Each structure stands twice: as C-alpha cells, then as structure tokens.
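I have placed the structure first, in the form of structure tokens, so that the comments after it can refer back to it.
Naming follows writing order (A, B, C and D), and every chain is counted from residue 1.
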Amino acid sequence: MTASSHSEGGQGLGKQRIEALSDAIFAFAMTLLVLDVKIPKVAEALVTQEFLIQTLLDLWPKFVSFVMSFVILGMFWVAHHGYSHFLKRTDRPFLWINLLFLMVVVFVPFSTDFLGDYPRQRIASLVYGCNIMALGLTLYWQWAYATTGHRLVGSHIEPRLVRKGKQRILMGVLTICAAMLLSFVNPALSLIVYVLFPIAYLQPSQIDLHWTHAHD
Amino acid sequence: MTASSHSEGGQGLGKQRIEALSDAIFAFAMTLLVLDVKIPKVAEALVTQEFLIQTLLDLWPKFVSFVMSFVILGMFWVAHHGYSHFLKRTDRPFLWINLLFLMVVVFVPFSTDFLGDYPRQRIASLVYGCNIMALGLTLYWQWAYATTGHRLVGSHIEPRLVRKGKQRILMGVLTICAAMLLSFVNPALSLIVYVLFPIAYLQPSQIDLHWTHAHD
Amino acid sequence: MTASSHSEGGQGLGKQRIEALSDAIFAFAMTLLVLDVKIPKVAEALVTQEFLIQTLLDLWPKFVSFVMSFVILGMFWVAHHGYSHFLKRTDRPFLWINLLFLMVVVFVPFSTDFLGDYPRQRIASLVYGCNIMALGLTLYWQWAYATTGHRLVGSHIEPRLVRKGKQRILMGVLTICAAMLLSFVNPALSLIVYVLFPIAYLQPSQIDLHWTHAHD
Amino acid sequence: MTASSHSEGGQGLGKQRIEALSDAIFAFAMTLLVLDVKIPKVAEALVTQEFLIQTLLDLWPKFVSFVMSFVILGMFWVAHHGYSHFLKRTDRPFLWINLLFLMVVVFVPFSTDFLGDYPRQRIASLVYGCNIMALGLTLYWQWAYATTGHRLVGSHIEPRLVRKGKQRILMGVLTICAAMLLSFVNPALSLIVYVLFPIAYLQPSQIDLHWTHAHD
C-alpha cells in the first residue's frame, strides 16, 4: 500500500473517500431495487395458495427488471472500479463528474421501477435506456477527463489502453441507442437487448489483461 | 498490513473494494428487514392500550422472520468474511460470482417480508427456502472457484481445509432442502428448521481453528 | 497503522470489517429514522399555507423522537467506537454478540416510529425503553466478554478502566429502567428522561482521558 | 499512509471511522432522495402513452428538487471532505458536532420531499432554506472548533487559510438567507437561488490550491 497511499494521501482530494462514497451509493442503489418488488398483503383468511402463486408469477416484469438493473449496476461498478485503479490523483472537476455519475446511478431504481410497472410501454423503455446511456456517457467523461494529457493518471499509461477503455464504453452506449430505436418497433425488443448486452462485458477487457501483466 | 496489501493492491481487482461493497450491501439488506415491521397509524383519540398491545402481539410472525433473517444474513456475512480472508487475488469471473451472491443477499428482505406476511402458506416457506439455499450455493461456487487449482488462494492452503469449507456449506444447503420438503407436511415445521439451523454455525469451524494456529 | 494492522490482519476475524459493517448499519439505521417523518401529499390547489404550517407543527412528536433516537444512536456509536479501540483481536462469539448488538440497533427505527406515532401511550414508551436498554445490555456484554481475562484486549489494560467502562454503561441502563417505571406514572415523564439522559454522556469518559494520556 | 495513520490511530477517536460513518450517511441520504420520485401504478390495460408522458412531466418539481439536493449534498460532502483532510486528531466535542452535522444531512430528504410536493408554497421553501443553512452553520462550527488555537489541526496551518475556509462557508449561508427572504416576494425566486448557488462552489477553493502546492 505504501506506493499508492503516498500519492493518494498527498495530492488532491483523497481517492479512498471517493471510492468509499461510490461503493456505498452503488450498494444502496442496488439494494433499493428490491424495495419495489412487493407482494400485496391480504387478510390471511382470504388468501389461497393459488392466489399467491399467481401473484408471484404476475410479478415477472418486476423480477426481470430487478435482475437486469442489478447486473447492469454491477457491471458499471466493476468498470468504475477498473478505471479508478489507474488514478494517481484527483481534482475538484473530477470529483464533480464522479458525483454526476453517482446521481445517474441513484436514478436507476426509479427507472427500473417505471419499467417494471409498464414493461410494454415505449416511454418506460426509453426512460430506462436514457438512464443506462447516461451511466455510460458520464463514465466515459470521467475516463476521458482523467486521461487527457495524463491529467490524473500515471505518465506510463499506454495510449492504446486509454483508447480501448473509451471504445469499450462507447460500444455499450451505441448498443443502448440501438435498443432505444428498436423500442419504436416494439418495446419488448429493446427489453431483450437490455437483458443481453451485459453478457458482452462478462469477458475480461484489455484493461484487465494489461493490468495482470503489469503486476504479476 | 504490508504483506496482504501488497498482494491486494497489485493483482486483479482490489479485494478491499469488493469487501466494501459486500459489507455495505449486507448492512443495507439487514437494515431493510426492519422496514416491513410496521404498526398501523390510527388517530390517537381512537387508540387504546389494549389495541396497541394486540397489534404488537399480532406482529409475531414479522418479529420472528426479522430475527431469523438477520441471524441468517449475519451467519453468511461471517462465512463470506471467513472465506475472503484466504483470497490472495481476485479476477473478473470471481467478481461476477460475488455479485450474483450479493443479488441473492438483496433478495432476502423480499422473501422475509413474504414469509412474515404469510407464515402458514407453503409457497412463502418454499420461496424463503430457495432464497437461503441460493445463498449457500453461490457462496459454495465462490469458494470452489477460488480454491480450484489454488486459483485465487495461496499455494500453502491445505486441501483438507478447502474440503472442510465446502462440506460446511453443503450441510447447510442440505438442511434447507430438508426443511423445504418438510413444508409439504406442514409449513410450520420448515419454519422451525429455518430458525434452528443457524445455531449449528455458532460454533467455530475448522477454518477458524486453522487460522488461529497459523497466525498466533 | 503498522502495529495495530499487524494484530488485526492476523488473529481471528478482522476487526476492520466488523467496524465497517457496524458503521454501515449505524449509518442506515440513523438515516432510516427520517423516513417516518412525512408530510401527506395533498392536491396543490387545495393546500393552504396555514394547513402546511399546522401539519408541520402536528409532527412535533415525530421530530422529537427523530432527534432523540439520532442522538442516542450517535451516543452508542461513539461508545462502540471507544470500546472497539481497545480490541486487539476478535473471535467468533464476539462477532455474534456484536451482531446481536447490531440487530438491536436496526430495531431502533421501528420503536422510534412507534413512539412518534403514539407518544402518550405507555406501551410505546415501554417498547422504546426496552430497545434502548437492550442496546446498553448488549454493549455491556461485548465489553465484559472482551475484557474478561483480557480475552480480546491487550494485557496492559488497567482493571480500573475496565470497571469504569462497565459502570458507565450500567448507569445508562439503570436510568432507562427508572424512565420505564416512570411511564406507569405518566408516559410523558419517561419521554423527558429519554431526551435528557444522553446529555450525561456528552462529557468525556475516563476511557477517553486514559486514551489521550497514553498516546499524547 | 504512515505519517497520517500514526496520528489517526493514536490520538482521540479515530478519524477514519468518523469518515466512514459520514460517507455512509451522505451516501444513504443522497440515495433516499430518489425514493420520493414515484410514478403511480395504474392497471396496465387503462394506461396510455400520453398519460405516462404527462405524469412524467408533472413530476418536474420532484426531479428539480432531487437534482438540487443531490448537488447540494455533494457540495457539502466535498467540503466536509476538504476540511477533514486537515484534522490531525479528534475529540469528543468534535465528534458530537459532527453527529449534529450528520443529523442535518439526514434531514435533507425530508425537506426535499416537502419542497418537491409543494414547490409554490413559501413554508416549504423556508423549511428547505433552514435545512441548507443549518448544514452550513454546523460545518462552520466544526471548522471553527477544530482550528481555534490549532485544537485539532497541525500547528503549521496558516491563519489565512483558516479564515478563507470560514468565509467560504459564511458566503453560502448568507446566500441562502437572501434566498429565504426572497421567498416572501415569490417562492419561485428562492428556488432559483437554491438551484444556482452551488455553481459558485464548483471552482476550486483556496483550500484546494494550498493543498496542491503543499504536496506537489
């Protein structure tokens, strides 16, 4: 920890507390998602096994949107995590871009709830898509701000790695754009893309590979 | 901290931030449990001492399921804690298995609420059992993934210890399986098993013992 | 950090993650308190300035119980904080006593809400008192467990300090007991004690003094 | 970390845990803000695209107050962060001033919700203004307490820097005062000031500059 702490403790606002706030906000936003999955309380005398099973089954859009948003937020947490590994210092503008990013994160439970309530409505699908796209764009902004002229990253970071990192985010943004356009054909189609696109990010990125090589 | 930080900071995604996210999600899920224990607000002029006492007493399934889930989540937090102590590095698949585990954790307030509302319904008991079983299975997956071929743990870790760790989880999963089968006889029986089985985990495991020996 | 980290990383379950979980649970429980302070939403055309002011004023029991519980939880957080400073190691029973303590912490938003809804009812006052008393008793248990035979604390800790720490907690528990008895005369009296007793804990304890001397 | 950890671990109550509690409470309060932005659930057969769009548009005061409060809390988090960087030790009174500050932070979701529900009512605007002013005053108190006679900060800190830090907070408090007075003319005017004043704090303060110079 010696080397990294040295640079963290000294220059600009501490990276550790930014990470602490980010982790806590991600954790809450991910946990809040479940608050909207609710089974109505009915007097126990009136309730039947069939009624409860039917109610559970009717909640499927809620379950799907819960899992989808949890995975997407998890994906962005992993990405945020990966990029912040390269930060050597922070400054006030970066802090504010990060807060903007976190504001978009906090908004995800709202758009997830909206989509879970109205899975067949185009407007719900578009609001959700905008939310995810904003996640991508603010993350891109962070990474671009930090790396331009090696502003907040070490001088030894390769330009190829920076470019790969940007491309990886932009590809996600473009996929979401396409999904939003598909919602004008049929909102169900955009839902399918939202569910499937995180799978592309399960595999390790160039950034991870570089990383492993550098330190092993 | 020198030795462990060295390996954490360097290889793969930082263990510390994974722990921070996990701790926050556990803390939040454990706190959310209390949100569903509610006493209805009645105009104070109409309310009587007897009415309030009766309302409190009628909440017993809520109190029981709150305590039960808090203890079970606490138990899994302790276990997660114990296993992650052995991690020397992390990688992207491990991160995703951990996120899957956390998704199951976040689901516990939902199934607890469901069970607290309908303690005599088999379906509520089964949903709760599935949730706890999924906790066990995803924790097992983490541990198995991390230890296979010493992928993420140190090379000095004994095979006996790895096996013991797996058995300890599987025994819990099997107990929950049995409890779920019992719910077909009577849902109350499965409740009793859910309440009692954490007691078996109060005693220190082989893992703790090894640990203490190794460092004392 | 070198000396303390050495003992933390090595023996038993890490003190740092226990503190992280405790801090997060305290933070959530303290924040959840505000969720129950709500002004009803009325159509804006019908609403008047007088109505809103009256509604705010009618919320006074909610405000009082919010502030009271926030201060009491803050006081216990400070105390928990102070005691855990002396811990040199942890073990599984300690972890479970701590989880029990945290379960009582999580229960505070429930009993606060109950007291805020029915400030003139004895039963609400008693439930609240039991909750605070349980906080004191579980904290006492932790401290007694950790210090008996220097189980989890350093061998240089003075018996006088241990005794002072216990007395300080027990005095609070006795005060709450007295407040609960007073509620049989008039619930308002016990409320007054609940509000006032944290003031006694604002002044530094023997523990803090010892501490400052030891390190200055 | 060596130098700063040395002073943290040793004297008074640990700065790190105070920061951990503060970060978690900030994160939670910032996330709770979104809970009040809700679209009502209507049976899907009856819902139309136009109805949903209209409902979203009608939520504009909720969106504005959400963004405003998120930015203001973010601003105070940055400020809290900046000041605590200079702390060399803590003591019990400081801990309590910090808890008071956090209590005001926790109150923000309440006053935001109130303002979002009744954006045209003077009382809502005044309550919100008082909340933000209390944030400023408790932060001022912290900083004044810590720096008076170099009580909790290092002896090398310049008096000019301390004075600048105080002025920066007081300017914000005065701005909010002015906004509250404007609400007697028209509540909409005070809203505009609440939205605009954080912009002044986007630019780096003297404190940041000093900081960067000192360590670069």
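As a convention for this text, contacts are C-beta pairs under 8 Å (C-beta built on N, C-alpha and C of every residue); 3 or more make two chains touch, one makes a residue touch a chain.
Not measured: the values here are computed from a predicted model.
The angle needed to superpose subunit C on subunit D by their Cα atoms is 90 degrees, rounded to the nearest 5. The pairing of subunit A with subunit D is characterised as different-residue: of all residue numbers used at this interface, under half are used by both copies. Centroids built from CA atoms put subunit C at 25 Å from subunit B. Per-chain Cα centroids separate subunit B from subunit D by 35 Å.
Contact with two or more other chains is made by residues 1-2, 20, 24, 27-28, 35 of subunit A. Here subunit D touches subunit A in the complex through residues 1-2, 4, 19-20, 23-24, 26-28, 30-31, 33-35, 37-39, 41, 44, 47, 49, 52-53, 56, 67, 70-71, 74, 77-78, 81-82, 85, 202-204, 208, 211-212, 215-216, going by the rule given at the top.
Touching subunit B in their complex are the following residues of subunit C: 1-2, 5-6, 8-14, 17, 20-21, 24-25, 27-29, 32, 35, 91-93, 95-96, 99, 102-103, 106-107, 109-110, 113-114, 117-118, 120-124, 127.
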